[in-house]
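Each of the next two complexes has chain A plus one other chain: chain B in the first, chain C in the second.
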Partner chain A sequence: MTGVFDNEFDLVKAFEKVKASGVQIEEVYTPYPIHEILEGMGKKTRITHAAFFYGLFGALAVLGGMYYAAVISWPLNFGGKPFNTFPSFLVVTIVATILIITLATLFTFSARAQIFPGKAAKIADPRATDNKFVIVINSETPEFEATSLEKLLKENGASEVY
Partner chain B sequence: MYKTSIRGKLIEGDKSLSQISHEILAPIDAKTPRWWYIAMTVSLAMFGWGLYCKYITITQGIGTWGVNNTIGWGWAIINFVWWIGIGHAGTAFSIFLLILRQKWRTAINRAAEAMTVVAVFCASLFPLLHMGRPWLFFFIFPYPNTRGPLWVNFNSPLFWDFVAISAYMLISASFWYFGMVPDFATIRDTTKSKVKKAVYGFFAFGWTGSSKEWLRFEGLSFVLGGIAAVLVVSVHSIVSTDFAVSVEPGWHTTIFPPYFVVGAIFSGFAMVLTLVTLMRKLYKMNDFITDSHVDAVCRILVFISLIMGTAYLTEIFMAWYSGSQYEMYTFFQNRITGEYAFQFWAMFVFNALMPQLFWFKSVRKRLWIVFIISILINVGMWYERFNIVITSLSKNYLPANWASYSPSIIEIGFFVGTLGMFAAGVLLFFRYIPMIAVSEIKSVAKFNNEIQPTQHHE
Partner chain C sequence: MTEERFVAPKNLKYFTYALITIGVISFAIGFFTDPQRTWANYLLNNFYFVSLAIGAAFFISIQYIAQAGWSAAFKRIPEAMAAYIPFAAVFFLILLIGVHSLYEWSHQETLATDRLIQHKAPFLNTPFLAVRLVIFFSLWILLTKLMRQTSLKEDIEGGLAHFHRSEKLSKIFIFIVAVSFSVFAIDMLMSLEVHWFSTLFAAKTFISAFLHGSAIITLIVILLHRNGHLNMLNRSHLHDFTRYMFMLAIVWGYFTFAQFMLIWYGNIPEETAFYVHRWHSPYQFLFYASIVLNWLIPFLLLMPRKTSRSKLAMIPVIVLLMIGYYIELYYEIWPATVHDAKFGLLEIGTFLGYAGLFSLVVINYLGKANLVPVKHPYLEESMQHHF
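This part shows the complex of A and B:
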């Protein structure tokens, strides 16, 4: 069953009610992120943790690479300065690490959110990217009861239920 | 929290959500206006001349430029730094205002980011051709090679610069693109044209607006926003080390990194203002880019202009205070007075004095004055780079090495070419890409009267 709402306030209200009734909500489609919904759906993203580890290993790899090139592979003597010029290695490390984090996080996002070139969109209601807030309810759950649920959605401001 | 009662409305005219998508996406569906074709022709002509000059540079060499042994960095480096500076605003705008939770950024950040991508691309052409043999540019990559194995010098600011610019280009482009994905989906779902549906559908990467997607999208923006803030500060600091790490009088100063970063944001914000006034005039986006948006950018420019003025005066003071006769000579006889006095005073007037007009509300309110000042700030910033690059090189420690510099027609053409490329890029952006972030505008629209909860009384 699909409920269509005209604004986020009605959607959030209905969302809480449906959740309380025990029916499983399959997915909510909105034109912009709504925090109550993102939290209410119970899913968490670990993308920030992933980014931290990309940064950690990226920085070590960049620093290690420069150390290898400048100290082990081909040490060059610049006026008697040390081969391992750690402070000036930091400049490239910072920038290259940022690049690594960005690209790796983008690919992680692409893989986890299933957003990639050539993907055909599974559109529940084409108005969800424009001006409607769409809630899709799983009709397989045992608590599902069509008439009462339709009434619940309508009472909470759904402009359309189908 | 944004207080509408104090700061004015973010969006004028109580629009419904579908009105917002419709009005912002209108230029994409509308017939291309005539002025667009005219502007595009002019831009492409400029771009074409630039291509010819690049061809001459590549086939005949750097000898076709006005540079000489003393002044090895001519217009190429001036323009490189200038474009990179302009390119800074996009990221600075999105990131700093995101961190500061400034909701008004939503109307402008898309244009600012588009400008960044095009400007950084323009900038990257200059060091590439200045290498002399651009087809060997890959020598600058640190990779195990057949020449030794000879690695690049990790202590060289020129290598840092290469890393910073290429990272900045990739990051700003991907940041910009992923912000657009939800908007491309909106075009896909609202357009009536089959071709547009297919094309924008492809670029929307299958976006549907589900909570799973938004959750991760928010995580991604958080990560990219946080780390790109470091990048904004570091990239232009690194550009400044190209100068500051050397021992030339006028370059060898610790003020350079902050001075460059602030200058970059200054010129970039001025360019944002130029674009925004154009969007208001040409596309009637007045309801989204309101008077208070223009007002806010003008106020920021007053503030940054004061920092620029302070930096100029600090440099002059330090030249005297250092007791170094070379610094004294550079600043007092080769900048404030002397051969390049015009460029110095143009810089000082355009950057430090003229933006002070924005203190007056009557100036901030008149869009054509704002437009002219925003252009003149960028002229002033160009003179600042001229002032830094040319004056210090022209007369340094050994008078026997002194030389003058004037650009050749090829260098001028190269610069005009990038101006044409930038204009063409902006025109394409206006025509084919939602110039305001639709989904972000919708998220700040909830205080409009049109979008309030439905009242149900039994």
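This part shows the complex of A and C:
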């Protein structure tokens, strides 16, 4: 079931009510992030942890790679500097680590969300990409009951329910 | 919003008096036994606390220019810290007496033989230094006083006019402070090693002032909250304070590393001299300690969302940052003046004295006005701040 709202306040009100009734909310589409919805959906992301470990791995890999190239595999003397010119390695490490984090996190996110270029978009209601606030409710849960839920959404300011 | 007044507990005031007494006694004994080392202490502590005040004043300006809403309720704390600048002005003028104990360029006999010092003499001479100090401090005092007055007037009259005026003053202040604090850092710290120069030094010192100023603002806010003031403080505010420390710690690390790396890689004798003199036992340790305390620990500890909004994690980081700034200045000043890494009761006593004085000034100025700017246009947004 899909409910369409005209403004944020009605949506949040209805959202709280639906949640209290025990029906599972599939997804909420809003033109901008809303704190109550973000917290209310209760979805935790672990992508920040993934990003941190990509960064750690990236930094060590880049440093290790440069150490191998400059010290072990092909040592060259530049102006009497030690082979392991650690401070100058750091610049490359910072930049390369940022690139590794960005790309690896992007790919992880795409894989988890099953998004790829050219995928046909699944849009609950075309107006959700415009100025409407759309709430999508899972109709397979045992608490789901179409008539009462439709009434509840309508009462809380939904301009349309289908 | 009801008015809220900060009344300093009697014990706290007596405590600051005790600290000031310790400082005065340390200086008195120090000037008799080891004047040069005492002057070095005098310079370090003066610079330490004036940086905090300038950092705080800069913090207010940034809030106005960015029209930041979240910090409106706390702006009296940086204001009270900026009130220390006039006291610092007096101390820095007294420092002119000790110029010979600190700055090599002020010695007539080296000036007579050293070509490089002769070349720099038109800028680095005691009368011109005095003139610069007077100009810088009068500008800083004038602008911070004007901003404070506008803020106090707003408390009574309300309206948007005072906000716009504060914003205008802030815009002037950041330009003036960018130039004047840079030259001030060059005069006071970089010219200790008169043959050495680094174009990044002033910027690094300024970032340091902003970083540690923000840390002290946070510390005072948390302490006030503990004692039953500023009840609106929530985790989102704490997170925003942490963001300042976290972001500035990264910038600090960037500037410090950039200065070191370019000098190390370029390997030009007149530039490397600075680090060569500091590449033996105690100072080499302090070099790493400064990086760990000022960058690594804030960077790692303040990164997770949980710790970045918890006072339990923030207070230790702030204390370490305070120690880190002392080490940073010690690392710059001591090898150029005292040479041996002496650290004892003199250093501890003088630092405690200044800490006491700074706290006393902040306490007094916090008590002089409403603790919360009751008619600040962004106050409501600040109270409701949440993300």
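We adopt the following convention: the second predicted complex is superposed on the first by the 161 of 162 C-alpha atoms of A that agree within 3 Å, B and C clash if a C-alpha of one lies under 4 Å from a C-alpha of the other, contacts with A are read in each partner's own complex, and residues count from 1 in each chain.
Following the convention adopted for this analysis, contacts are C-beta pairs under 8 Å (C-beta built on N, C-alpha and C of every residue); 3 or more make two chains touch, one makes a residue touch a chain.
Small disclaimer: the values here were computed from a predicted structure and weren't measured.
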Inset, instruction - Could you tell me if A:79 is touching chain B, chain C, both of them or neither one (first, second, both, neither)? - result: second
Inset, instruction - In the overlay, work out which of chain B or chain C sits against more residues of chain A. - result: B
Legend entry - Touching partner for A:88 - first (chain B), second (chain C), both, neither: both
Inset, instruction - Determine, under the contact definition given at the top, whether A:147 touches first (chain B), second (chain C), both, or neither. - result: neither
Inset, instruction - Report for A:31: first if it touches chain B alone, second if chain C alone, otherwise both or neither. - result: first
Inset, instruction - Using the superposition on A, tell me which residues of chain A are in contact with chain B and, in the other complex, with chain C. - result: 48, 85, 88, 91
Legend entry - Contact footprint of chain A on chain B as seen in their complex: 16-18, 20-21, 142, 144, 148-151, 153-155, 159-160, 163-164, 166-167, 170-171, 174-175, 178, 181-182, 185-186, 188-190, 201-220, 222-224, 227-228, 230-231, 234-235, 238, 241, 439-440, 442-443, 446, 451-454, 456
Inset, instruction - Under the touch definition given earlier, write down the residues of chain A that touch chain C in their complex. - result: 35, 48, 52, 79, 81, 85, 87-88, 90-91
Legend entry - chain A partner contacts - residues on chain C that touch it in the complex: 257, 260-261, 264-265, 267, 303, 305, 386-387
Inset, instruction - Could you pull out which chain A residues touch chain B in their complex? - result: 6-10, 13, 27-34, 37-38, 41, 43-45, 47-48, 51, 55, 65-66, 69-70, 73-74, 76, 78, 85, 88-89, 91-92, 94-96, 98-99, 101-103, 105-106, 109-110, 112-124, 126-131, 155-157, 159
